[in-house]
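In this document, chain identifiers A, B and C correspond to the written order of the chains, with residue numbering beginning at 1 in each.
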């Protein structure tokens, strides 16, 4: 599906294994980064090894592997570079970042987000990430986002009792004072699940079911 | 022998004990509380094991206050159930969606997920369940019979021995690799390099943290694994429409057939032995079990090329090793009071909260607890089998969900799970970053498994290397002079030679190209 | 159902507006942050106290483990939280005394960024040796044995800059004994190697090594507190063993962010003290070697200040520093 940016390495020329060449260069860059980051740390002696000794040796080892790959890329025929999908990567990463920002609030200099909790972070992550594929169907995704968030509230908050923020405090305060925190959580989850069912029922008449293509996997095991 | 039988009967007596419980509406009736708690523990454990990221540590910590109401034996039986239940549930996620929840299920992703992709998810799950059950039963008897004497083995292992053990473990990583040895080596080194990020244990200096506080404790395993496997796998699948859906072929049989059993019997036996032995080591030697078992199976196989393509031995052996190790890692805790890993440290906390101070005297002072827990492990393993075999059908059906709905769900579970570990939003950001790195690595033809193994072993290796050198006052000979250490290093060299020789013989091409 | 949908929409509109001021504290769950991993002594103490507070105050006290950077990450989160009594931290000798001198960059000031709430317990450290590699049965004999061959013994600790490490450094400083420091990740692995004879001595927190000492796997030479421990009445203090005024204990106390309303502080302090006096908690703390001390918030504030100054000297003497 990688329509966005299908690229392959320079064909022909003196580069015979572009994948090896590029991956070798990446390793060399990583090694250089590690060496640069540990430049100020003492190496120490064998008797009292310093903090930089092992990372430095490892960086050199990684770099040597990189050089070997570069050489291999120049002298041996190898794989072409695989194409990549910009849409998938960027949308998925955005969805994860949104979740991280919303779940417990975020405060970095001028950028402030209050604690929104799973109530907002969950549907946000699901709904946004769904757009990573062009097959996206918004209504279906909305149902998934609401129902899964409701279930997760019950599963993580009620059943497993994990300390995950569920909703903003202002939202919890909307409930009558007599409600226990468990009661509020369950009711919120019920509302989410109810909404999901409503949307499902509302769209049922118009939706037409499409068969899902099941294609054999050609790529399994090649990576 | 007579002792063993009387001890075990004491243990089973404790497990099957009927406790009078006040049931509302019925009155006080005797109920087998411990059996019930064991069941709850196994059920909760399976659940959190299946959820990616949610580890047994966070869950046991959260459930600890609930156990205040129970008597200590029942409480610990339940918590132990959560632990090995989670080990068990973790393999389900590894097989179905290629996310290893724990270091020990990394190996299961290699062939287990490939089996799922080939429509054999049910068989993989089934053989994992049966292998684990067998391993758990054997390990329980093993603990009961030899727990006390084996404690001494744990004490021979000093820093030098651990270093050599870790070197041996890294050699496994080379054997583990499917493709070129050079690329696997690069990933191992990179993995160890990543493990050195964070505050240096000895001098307290920060290494490669970019001055960021959340990096000062290093990179969390779960974050790395979730990114490199979970998120990267999603990104990779999004690339190809044709490989979207996890199960492309008709789902075959739900349970392993006769041929599967025949293929798995010996790997299960060997895996149980390997995992059980490594599990005794107090420095979390259990993580090596599945890797060691996989290495052995791959070396013994007539056609090693099947490994990584869905070989059933690659699931049966490591899964058995995993579960055997999970059981025997209770030995240092129960006989010495020394916790070998984070979960066991939590069990120590649980014991102390319940007024039992863990230590070498638990076995004699709290015989009920000691033997009750051991007996409960056997019962727990049976329960896991009962819980999980019927679940296989449900799991396999879950794979039929179209991928466009599957991946947002996986993504959210990953996010919640990773957040629940440390309550840090930065951990959530990091899975996105490692997801991108993992995606890039796949594109460049690298495998994430050796990287992860290098990462897991790297920290232990560096710490023990430096400790050993402080104690020996800088004398490298300490690794050769100590017999156990020397033996382990010899095995490592032999293994490496075996791994490299075929490719050297076939010419250097093999080293560079798959 | 419709009413709830309306409420939900209303809730969205109300975003960001402050919650109605509580009439009586607490009227919603309280988060108690434990700045260390679950299962450790801090975690156990916090859970025991939180469980009692949940019962007596009628609201859940939820433990949240937020470990990292020697407890600084979790403590910092509370220092920067709203002073409404709904976010508290189980502070320790590390987060509120040692770290200030140990870390080059501290995200918070332990003395001014917090409101002291209640002290829970102190735990002495125990000087334990491996009985096979060390012949000495008293501290003085140990000093003589160690000095006879310099750098003969190795001293284990649960990590750089912990009270276990610094107690040892204080001991080295006071006696002039040379022992290379071998740091481990936590007490468990260190005790394992100590029992196995890979290392020789450690100034461990009493709870994690007391059973080993009782079983004869380790030999306890002294406790580091100023008075003997009720859990080991026959073990002398270091002060008694010829190291005058040697005092190095771990302690655990509840703090809130600075500016916590006095009513809330007083209420919490009273409830914690009540909880600590229940027979159940008394027993549990005693099992762990924890010595309960009842302090008012002001007493705790003074205590923290004194500890802060004391450890600053110890850290300086030991030459320890974390970036």
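The criterion applied here is as follows: contacts are C-beta pairs under 8 Å (C-beta built on N, C-alpha and C of every residue); 3 or more make two chains touch, one makes a residue touch a chain.
Quantities reported herein were computed from a predicted structural model and do not represent experimental measurements.
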Central chain, going by Cα centroids? B
By number of C-beta contact pairs, the top two chains: A-B
I'd like to verify one number: the distance from the centre of chain A to the centre of chain C, where each centre is the average of its C-alpha atoms, in whole angstrom. 37
With chain centres taken as the means of their Cα atoms, state the distance from chain A to chain B in Å. 23
Inter-centroid spacing, chain C versus chain B (mean Cα positions, whole Å): 31
Two or more other chains touching the same residue: where does that happen in chain C? 63-64
Multi-chain contacts in chain B, i.e. residues touching at least two other chains, fall at 58, 202-203, 205, 423, 470, 473
Residue numbers of chain A (touch at least two other chains): 163
Show me the residue ranges of chain A that touch chain B in the complex, using the header's touch definition. 1-2, 17, 19-20, 22-23, 26-27, 30, 34, 37-38, 41, 45-52, 54-55, 58-59, 61-62, 65-66, 68-69, 72, 76, 78-79, 81-85, 87-89, 92-93, 95-97, 99-101, 103-104, 106, 118, 121-122, 125-127, 129-130, 132-133, 135-137, 140-141, 144-145, 148-149, 152, 155-156, 160-164, 212, 214-221, 223
Chain A residues touching chain C - in the complex, by the definition given at the top: 114, 163, 168-174, 177, 181, 187, 191, 194-195
Note: in the complex, chain B contacts chain A through residues 44, 47-48, 51, 54, 58-59, 62-63, 66, 114, 117-118, 178, 182-183, 185-186, 189-190, 192-193, 196, 200, 202-203, 205, 207-208, 210, 231, 234-236, 238-245, 247-249, 308-310, 402-405, 407-409, 411-413, 415-416, 419-420, 423, 425-426, 428-429, 431-432, 435-436, 439-440, 442-447, 462, 465-466, 469-470, 473-474, 476, 509, 512-513
Looking at the complex, which residues from chain C come into contact with chain A? 1, 4-5, 7-8, 10-11, 14-20, 27-29, 31, 60, 62-64
In the complex, chain C residues that touch chain B: 37-40, 43-44, 47-48, 50-51, 63-69, 72-73, 102, 107, 151, 154, 159-161, 180-186, 188-189, 191-193, 195-199, 207, 210-212, 214-215, 217, 283-284, 287-288, 320-323
